[in-house]
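So, here's a batch of structures to check.
One chain, subunit A, appears in both complexes that follow, with subunit B as partner in the first and subunit C in the second.
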Partner chain A sequence: MIIYILRRLLQVVPTLAGVMVVVFLLIRVSGDPTQLLLPPNATPADRALFRKQHGLDQPLAVQFVRYVDSLAHGDLGRSLVDQRPAADVVFERLPATVELAVSGMAIAVVVGIPAGIASAVWRGSALDRLAMASALVGQSMATFWVGILLMLVFAVQLRWLPVSGRGGVRHLMLPAVTLSLYIMPVLARMTRSSMLEVWEQDFIRTARAKGLRERAVIVRHSLRAALIPVATVLGLQFGGALAGAIVTESVFSWGGVGTLVLDAIYKRDYPVVQAVVLVIAVMFMLVNLLVDVGYVVLDPRIRQT
Partner chain B sequence: MLSWSAALAGVLVLALMSVGTAGWAAPQPELKIALTTDAGSMDPYQDNSVVGLAIQGLIFEPLMDYRGPNFTATPLVATGWQALNTTTWRFFIRQGIKFQDGTPLTADDVQFSIELAKNSPSARGKVANITGVTVVSPYVVDIHTAGPAASLLSNLAYIFIVPKANYQKRGAAAFGLEPVGSGPYRLEQWQKGQQIVLAAFDGYWGGAQSPARLTIRPISEDSTRFAELLTGSVDVIQDVPVEDVAQLQQRRDFAIVQSKGVRQIYFPMNTKTDTPLRLRAVRQAINFAIDRDTIVKDILNGFAQVRTGPWGPGQLGYNADAARFYGYNPDKAKALLKQSGYPNGFSVTWDLCHGCWLKDTEVLQTIANELKAVGIRVNINLIETNQLFTNQDAGHFQIGMERWSRQYDTDTILAGISVQSGTQPYYANPDVDALLAKGRQTLDPAARGKVYQQLFQVLVEDAPFVYTHAQDAIWAKRTSVPWVFTPFVGNAGMTLLNK
Partner chain C sequence: MSLTGTLDPADRTVLDARRRRRRYWRRLTRDPVLFFGMLIVGVVVCVAALAPAIAPRPYDDELPARRLLAPFSSYNHQLFVLGTDQLGRDVLSRIIYGARVSILVGTVGVVTGAVLGVGVGLVGGWFEDWRSTLLMRLADIQLSFPYLLLAIAVMAVLGPSLLNLVIVLGLRTWVGFARVVRGSVLATKPLEFIEAAQATGAATPYILLRHILPNVIGPIIVLVTLEFANLILLEATLSFLGLGVQPPFPSWGTMLSEARDYLFTDWWLSIPPGVAIMLTVLGANLLGDGLRDILDPKLM
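Now for the complex of A and B:
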């Protein structure tokens, strides 16, 4: 298991290198930071000075070499906006995004997976149809629209919850539910179809033939096998949660990495965009590593392959 | 990008402060304001965004500013100034001013701040005509300019005085996070992306301010900001969506605060491409083909002012006669096109960045329909903001976009819309360059006004821009907040104390 994990960690390195190169090039060809970081009355000389002060007047290859060198020393560069280390800029906002993403995922898992199981168990029933219709509707609704709707109902009309901003649990509820509605339908549908597929397997037929109660068949035998593809989806949805968090953070003024990266892209704050992408990529890969480790826990046979 | 209405944060906040203790019905310890964005840095020489400047203007002060309903030049850090000759101005520094770290403000700090500005790509334009600063004594500085500099005072209103020793010791990054100024408020807390809390500075030379605490929340989403006002979580909001104004106007507990025509939208036409836009008559035809009243009344619900020239009434050099040159006249537009050799019109690409200004897509679609009626077929090219400006700077466009606010000084407007040749690759007019230079060196206000009136006329008739409108600033507040909005002049949100 340790060797498996180490091998997977080593695979992260070339992936991250590829991500670094792509984001480095993409952000630089996408626009000029002087356009929005300097006032409209900035002269060509002002723009040239800005580029010189930030090393942007160097050839692309030189900039890349310097970037790689600084990364090797643990330096993610300095924000073009305020000169602070890009790492500081990202990490001070990261807890807000993690809090939102984890909360959203937790709600999605707690509601979505049992809903999927119930749909599978009572397949064809009114409950099944309701759950799947809800999942379809949920997947079709834009996060932005859902968030504003929830805000209008629960914050403005009912005054039960705050409108926006980060604070305690009450502040977290609306944005976390909004984000979970983005993930929950996928989990519910995946769980349902996975459960139904597992029930076609011989070992389930055997379990029933042995006289086991249906509850035991579902929980002890079916669920573990059915959760393997669900775990895969969970890992992928974490990336979706981070992406969805960008919109949710904007609607609820959550102040996390999502709103940070939007602003950084808009202003072409190269170091901050690169830092955000790097950090998110690492998080995404670590989460998927956890998912892979989870496979082994769910199905020990995987360890032997 | 400078967000025009973000600068109004300063007007808003500081006008509120101007009401002072006399204006509050009851002691108000705190005021909560929702703006559209967060500041980037509290270092005025790092962050030139209008929100940044507006908040910095509460923490720092310049030598002088324009205050009061008539925007009178008002001493702040300086108690007075005099021109020793046409290229040297002497400023007398107010004694007894302390920075928020307890150190005294002296001439050395003034010299250091101007030097910082000269090395700052975002601020050096404001001190471009300053060749040097001499510290004559601890409370006297001489500022030397390259020739007569008519805009010196208005530019100095943007130069905040920072503590030399503190800044040099800590560096720009640290200073920008925990600033030290001599202004009426000090930064108490800054949760990035969440809120900025300013507390009244007890040692402020002008006396304690009210309210004692300002909480500024950056809320970019219009609906969210509006909802916060409705629920009472904030007292004042910036930029009310025009569709929501009527709802607030029906309620007694809220008041709309409107400032007319503060943000003009300009559409530069590339005169250096091999397209019909190279011809003045064609550019004039486009201006004649647009029904500005429809745009202002029907699209923008009356929350804008018609503009037929490079700036509006009240700005030095406004030429009312020249402003009457363009009216809605599609027949004249067709005649000009025919005269130019385009009787059947032509096609043109018009760049648009969505969300860049109020109802941008609707306005441009309206313009496109009106131009179609005279034979000009507009292809709206929707692109991202940064890309639009990058293309424009490189001359890779046909019709583009600029947006700029009213300013204290007309020269600042002209610099912002880049009409001078050499500052952009798509327009050059030697008459414009000559008048620009003359305006900068004419010290007598009346004579300067005449120069700018002449320039106004040239820019109208040569039509380097499509002129349409200037947006109003629409804010809202709870009526229990005693606050009077004053006409906003420019990006100097920091200096809008109207006492």
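Now for the complex of A and C:
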């Protein structure tokens, strides 16, 4: 088990290196980084000075080593707008995004997984068809449009909830529901098909054959096995939740990293863009690592390999 | 078997093939999921292709005097079924032209991704050495970014244009194709007919394309339709955020982003583009689900 976890930890290294290369190249791919990293009205002398100061006149390999070195010291560059460290700017906004992503996922789990289980238990029933049809339609709707529709109905017409901004639970409700509707369809469909697959297995037939009540078969024997693949999807969907959060934030003017990155793009503040991409990618990687380690606890079969 | 027992083997294969084709065709027309999928996608493709012929007016026909007309209102004895936007342009015509962006970007994006991914999958599955490891690591790295964020960052650096959009969308899908194809190559490679082909001196590219690729064509077709749906959503999202198709050319995402400013006064502007996106994506999803049932029962 420990060997498995260690091996999984080692796998993070090349991926992390790859993420750093991508983020590093992102700014340099357009040719002259000073065009992106300095204000548009900078003089050629400014640019030359900046290049020298930041080592941009060095070969790419040297630059990369320095970049990794500064990352290791927690330096993600400086915002061009207010000269603050980009890391501070990002981490200040991160809690808002995490709050939104976690509540969106929580709603999706609380509704989506039971819906998937019910669909599987009463397979072919009206309930199953309704749930799967809604999942398909939900999957086909653009997140930002769902947000706009919810806003239109509950904030503009009915005036039950605030239109936008960040505050208490009332402010959180519409964005969280919007985001949850982005994740829920996949979760419900995955749970359903995973349950149905588990029921084909021998140990379920044994459980039924020894006369267990259907309830016990479902709850004690099927659920645990069926939820393992669902857990993987949940880990992967966390990335989806973060991506969905960017769009949701922009619809509801929610002050998280999503609005930060869009704002930074608008103001051409590329060090901040770079920092957001790096921080989100690392977070996503860590969550998937946790999911994989969590498996070992859930699934005894993995421990043996 | 008993029916064809008297025929010689060559005729039998022809008959089998014909019967199989007829069975496929029957399922294509009878299965409601597949039928509606094909219908919706077919209609949207036709609308996109015939846009100049069926749109009531040009997409950039501005007239401040008739701005923000409600649906079904008339101006100068002309009916505007879906009303007009903030510049007085006909919403229906813009929806019709918007189909062009979705279909074009979706198709080019998915073809780029499929070609790239199939190539990577074939190479990565056949050569089980450093080439395979390298390619699959690349796939892992790409999957470790929420792609929308990467797309936003790349579009921001490269600048929004149709070409850049197609590149960014094309790179989105290759991983899925690579994984499916690689898995199939790994499963097919040890089989006897591959060994037989090698024994007759067939070159590796020939074996890959003639003997291995046909086995995986079903899942590829399914993936094409499902990824097509995803790309249309991604394009709409990028355009909504201002990083996709640039005005005045209409994209459904751009239209929604403009409509958002009029949510309090002219809310009906926010409905048609969203419905257009939903129907098109739903059609492609239905098509994909239906095809999957026929072509590849195993794929989730």
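Note that the second predicted complex is superposed on the first by the 253 of 305 C-alpha atoms of A that agree within 3 Å, B and C clash if a C-alpha of one lies under 4 Å from a C-alpha of the other, contacts with A are read in each partner's own complex, and residues count from 1 in each chain.
Here is the rule we use: a residue touches a chain if its C-beta (ideal position, glycine included) is under 8 Å from a C-beta of that chain, and two chains touch if they have at least 3 such contacts.
The model shown is predicted, which means the values in this text are computed figures rather than measured ones.
Once chain A of one complex is fitted onto chain A of the other, the partner contacts of A:206 are absent, as it touches neither subunit B nor subunit C. By the touch criterion defined above, A:250 reaches both subunit B and subunit C. Legend: residue contacts after superposition of the two complexes on their common chain; A:156 is shown touching both subunit B and subunit C.
Once chain A of one complex is fitted onto chain A of the other, the partner contacts of A:14 are limited to subunit C, with no touch recorded for subunit B. Once the two complexes are laid over each other on the shared chain, residue contacts for A:34 go to subunit B alone; subunit C is not touched.
When the shared chain is aligned, subunit C comes close enough to touch A:284, but subunit B does not. Of the two partner chains placed by the overlay, subunit B and subunit C both lie in contact with A:148.
In the superposition on chain A, contact of A:140 is made with subunit C only, not with subunit B. Note: residues 30, 36, 148, 151-152, 156, 250-251 of subunit A belong to the subunit B contact set and to the subunit C contact set alike, using the contact criterion stated above. Interface residues of subunit A, counted against subunit C in their complex, comprise 14-15, 18-19, 22, 26-27, 29-30, 36, 136-137, 139-145, 148-149, 151-152, 156, 190, 193, 239-240, 242-244, 246-247, 250-251, 261-262, 265, 270, 273-274, 276-277, 280-281, 284-285, 288.
On the side of subunit C, the complex with subunit A involves touching residues 137-138, 140-141, 144-150, 152-154, 156-158, 229, 233, 236-237, 240-241, 243, 253, 256, 259-260, 263-264, 267, 270, 273-274, 277-279, 281-282, 285-286, 289, 300.
By the touch rule above, subunit A contacts subunit B in their complex via residues 30-32, 34-44, 46-47, 49-50, 53, 78, 81-85, 89, 92-93, 96, 148, 151-152, 155-156, 159, 162-166, 250-256, 259-260, 263, 266-268.
Against subunit A, the residues of subunit B that register as touching in their complex are 1-2, 37-38, 40-41, 43, 46-48, 121-122, 124-125, 128, 171-173, 176-177, 191-195, 217-221, 223-224, 227-228, 230-231, 233, 384-387, 389-390, 393, 402-404, 412, 415-418, 422-423, 491.
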